[in-house]
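In what follows, structures are represented as structure tokens.
Both complexes shown next keep chain A, but they swap its partner, so chain B is in the first and chain C is in the second.
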Partner chain A sequence: MAITVPRPRLTWRERWYLPTIAAGLAITFKHFKNTLLGRTKVTMEYPEQKWDAHLPDYYRGAPALVSDAGGRVRCVACQLCEFICPPRAIKIIPGEIPPGDRFAKVEKFPQEFDIDMIRCIYCGMCEEVCPEQAIFLRKDYAITGFTRADMVHHKEKLLEIGGVMHGVVLKWNEKK
Partner chain B sequence: MPNEPAVQMFNVQIDGVWHRFPKGTRVIEACEQVGVFVPRYCYHKMLSSPGNCRMCLIEMGFPRLGPDRKPELGTDGKPIINWMPRPQICCAQDVAEGIAVRTDSPLVKECQRGVMEFLLINHPLDCPICDQAGECRLQEFSVDYGTSQSRFLENKVKKPKAVQVGPRVTLDDERCILCSRCIRFCQEIAHDDVLGFVDRGSHTVLTAHPGKSLDNNYSLNTVDICPVGALTSTDFRFKMRVWFLKETKSICTSCATGCNTVIGTREDVIYRQTPRENDDVNSCWMCDYGRLNYKYLEAEDRLLEPRIRSDGKLVPADWPTAIGQAALHLKQFAASEIAIVASGRMTNEELWLTAQLASSLGVKCIDIVPRRGRGDKILLSKDRNPNTNGVRLILGSRSAPGAKLMAIADAVRSGEIKALVILKENAMHLGLSVEELARLPALIVMNILRNAATEKASVVLPACGFAEKRGSMVNGKGRLQRLNRATRPPGNARDDWEILRDLLQGIDGGDSLHSIEDVFRRIRETVPQFAGLSLSKIGDLGVHILKIEELPATHPSDEEAIEQAIAVQAARRSVRSDLDRAYANPAESITRQAEAQTAPRR
Partner chain C sequence: MDWFFIITSLLKITILLGVILFMVSYAVYAERRVSAFIQDRLGPNRVGPAGLLQPIADMFKLLLKEDFTPRSANTFYYSLAPGLAVAPAIITIAVVPFGSTLFGVPMVVADVNVGIFFVFAISSLGVYGIVIGGWASNSKYPFLGAIRSSAQMLSYELSLGLAVIPVFLLVGNLRLTSVVRYQIEHGWFIAAFVGDWMNPWKWLLAIPMIISFLVFMIAIFAETNRLPFDLPEAEQELAGGYNTEYSSMKFALYFLGEYAAMITGSAVVVTLFFGGWHFPGIPDGYHGWVFGLINIAVFFTKVAVVIFVFMWVRWTLPRFRWDQLMRLGWLFFFEIALVNIFLVAGILAYGPRL
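Coming up: the complex of A and B.
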């Protein structure tokens, strides 16, 4: 059913237009004056200026791997993040820690750990599912590259972004 | 059936409902038959029941007897039950008249919770690195019957980790819950008593007997039946998490037994093969030889593209060119100048197309390469060709497989045979040298792997391995079974039946076979044993199409081996009861072990 929308009844001032145009131009000139005098800033001069300091705590940037205070890569290549990742951005090739190694008790480590940052949707599922507290979303948001290959974060890059995480996961201690 | 001896039936009440079961049924099986699952670790239906995990505790009761020694009946006309005041395991209990079980009473639930807590006390929390995670009974039952928190504050017991208990099996003793399934499997199925428990209490560990190693050909079955991640396959260890695997039902093609399998793949890579239960073929087991015989599908020397000989060199070609070239080669020779060597590893469909190819060319000289090895009395057959019976049915050869090979080789040497077609075999197996093969005017090879003979071929047609194609095979016992495609073939390799179909159509110009089902339909018309069947009607478990008397007398060893395996299975049922007794009476089992150690090893 068609609805007839009633047209507003305009006053003579509104029908005349000129006062409204003048009011609009007044606002424009006000901004023009303020900008010339340096009173208002319209743009942030990225990348010389950054908004990093204003990011909230819950900001989800690039996922990254962390090492623990002892220098061990916390990831044990359980591949749960690979499983949960909605865009299938993560690819892990597990390996075995050779006997005699300092961390031989952990047995398993990621030989390769790639996150395709073209695919990543920054959802944070990997962080949530990780049973080892090994993957975290950091605040890095400027992920750029010239090729598709550049956009794949390998293990080294992920560890570089991730840094060291303090606080221990008790279960891999020799005592436990 | 009137002549069958009547089996005594017992009335059993399960969770308040009365059912009837034949005498000899275990209570745990009876429960399962009516859809009541009782959790268990040590019980396995193919093994004896030692009753040592205590997970299958239930409440049991008997009918209350009146003064006249008759069961007192309640208002519903059913016996009134006197419940025993303690729980009881149901894996070692046979059904009896009038017994009643409760599997979900508060007492049972409390027992299950308690058992789970005890099992988890010393179990490491390493699910993230454990290969069993995802198919672990401890994980599953911990969710279903356990608690979410551990009350255990003390340090867990340290035990050996990553022990090479055999060449193909890795043992993690900390994860072991001492169910003894692997020990019983080695004793009862593999007949190779190598595993046992040592030390006492919380420090009990599973280990191989001194000087022995779990190296029998059935060792990887212990990995399958291990309910936790204690025994893991060294081949599969840390390769892939099980939840990524796409599981395709197929059959093993490493011998004539044709064990039913599940192929676990991810992104066209095979990670493992596991046996699939089929009581008529392989029970729940398969041999390590067959299980690990898939690596060649990912070998470096796979043939990846069709090639034709041009100016004395093999150059890559596209499929129509290669097929056209092969057809051209074959058409320029008389029927008596062509020989075809097929393979007992080909499916029925491929063999039928080969037979059609031979008949359209008029070729009489056709045979397969026999492949024989040492059989055992369990599953492995002496005949290592999976489809010798299919060859017999479809190629219709009267003689033993391989009887004509010498004649073919001699005719190649003398120059009588000018064109040789080798399908899925290595021409070197005929006893021909590379030079003799190079002298052939036409050598057409369809194969999976590169070898010295393929380098001398006129046309090379890259084909598919067993996991890359569909089709059917007839095992040594005359059972028609089905292969399914688990992975895609690498490179430009093609399904064998399509290659043969195109070659056949290049020669006779026909155009009626569009799918593998069409081929099967045509087999059905010509081979009476296949009547009324189709690829889908074969089903996952296969159908018997040959009677014992129809099986060839030329190589009875296959059937012998399988019949004996079945006899061993049957004998096991009688052995079961005295093994139970041995487990109940450790002193007796120690004597048995002593006897076993003094006895000479088989």
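Coming up: the complex of A and C.
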């Protein structure tokens, strides 16, 4: 079905161009003047001004490993996050905890835990799947590096971003 | 031809060229800042205080880029064209008086007696840079841009020439310095009634002079490919137009040519309608070198204001459609400019001597 687009009938003033051009120039000059005098609210100037303080609690930034209040790495190298990760960014090499250790019944710990931040899509599935509350998405978003190798976060880096997490279940604590 | 004349001329040429190139680089910066302010942004403000070193960074970027020539391009004309775009724009400024006198030396590089003819003859050569560049690129978008440029040139050059005839009917001389002299004695052409408020003929004369100014200004917009008429480089339609295939310094030369043409156009507008280097109450350079310097400063301030108007209009108006441009040029401005000449001639013939 053909649609007839109604053409507005221009008045003689509009067809004469010049008054409307003058009106347009007045509008742009008003914007120019207001920005020049600092009356217009402009975009945040990023590196100097940041929005970090306003990031919501559910913000999904870089994934990180956390330690509990006792300083123990919570990850037990179950590798569920490695399996669930859609872009396969996580690589874990598990190690065995020696029998005499205090946490011997945990059995495994991550010998190596790498997250390739070029691959990571910040989906948060690793956080959701983790049975140990060991991996969380933190608020870091400016992940940069000069080489591809720089962009792989190793275990130390992940623990550094993660820090200590309070208020999580301490299920391996034998005193409980 | 004495040595004094040669040395002062060379000095004037060198300094004027330096000033023009400086103005070009800062016109690009100003364009970006003005457009940003009009669009409620900040624009380049990182390099140096308030971004003032941005032109230098831009220049280094353009110098260090790969100078790429398409294999299908005609190499000779492809390399020649950017130079052809720059040279006329800079040569034109030679006849424009940019100051009164300094230590007795007239502040104009070449005070030729065919002033305005020289301006039109040389500045219309600028279109060859665009046409040859568009053709030599051997690519469809640049070619379309080149065709548009030549057609646009034809339709606007006519009104450009006709619009200034009233000015020279009044002055009776094509020399641009005499145009400035006349305006000092009789008031600027944009406000022809100044100084002689009681004379009704002067008020009558002001009407055709303002029409003449508007037509000339619009034709200059078209001549320099500025926005309401920037069809040759229409980015949205032609992917950049005639300079699509150019990169690095060749592109920079096109850019430089466009802005140099804008500065030259503003200088001609200022000379013809805004009294050149004259400002009411400030005497000329014969009264001391300080006044000579002030005259030069006044001229370049006026040029800067006109350049701001160029930018202001660019970021206000959308581009005309092709047939609209043709209709405006041939059916509107051409006739207005023609009738305007008869108006002024009639006023001069039947009125008292003005």
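The working rule: the second predicted complex is superposed on the first by the 146 of 176 C-alpha atoms of A that agree within 3 Å, B and C clash if a C-alpha of one lies under 4 Å from a C-alpha of the other, contacts with A are read in each partner's own complex, and residues count from 1 in each chain.
What we mean here is this: a residue touches a chain if its C-beta (ideal position, glycine included) is under 8 Å from a C-beta of that chain, and two chains touch if they have at least 3 such contacts.
None of the values given here were measured: they were computed from a predicted structure.
> Given the touch rule stated above, what does A:H31 touch, chain B (first), chain C (second), both, or neither?
After superposition on chain A, A:H31 lies in contact with chain C alone.
> Contacts for A:L10 in the overlay, against chain B (first) and chain C (second): which applies, first, second, both or neither?
Once the two structures are laid over each other on A, A:L10 reaches no partner at all.
> Tell me the contact category for A:C78 with respect to chain B and chain C: first, second, both or neither.
first
> Is A:A142 contacted by the first partner chain B, the second partner chain C, both or neither?
Touch status of A:A142: no partner.
> Is A:P99 contacted by the first partner chain B, the second partner chain C, both or neither?
In the superposed model, A:P99 contacts chain B only, not chain C.
> By residue count, is chain A touched more by chain B or by chain C?
B
> Please write out, lowest number first, the residues of chain A touched by both chain B and chain C across the two complexes.
none
> State the interface residues of chain B toward chain A in the complex, per the touch definition above.
124-129, 133, 155-156, 161-162, 237-239, 241, 243-244
> Which residues of chain C touch chain A in the complex?
Where chain C meets chain A, its residues are 34, 36-42, 312-313, 315-317.
> Once bound in the complex, which stretches of chain A touch chain C?
21, 24-25, 27-29, 31-32, 34-36, 40, 42-43, 45
> Where on chain A does chain B make contact in their complex?
76-80, 82-83, 94-96, 99, 105-108, 131-132, 171, 175-176
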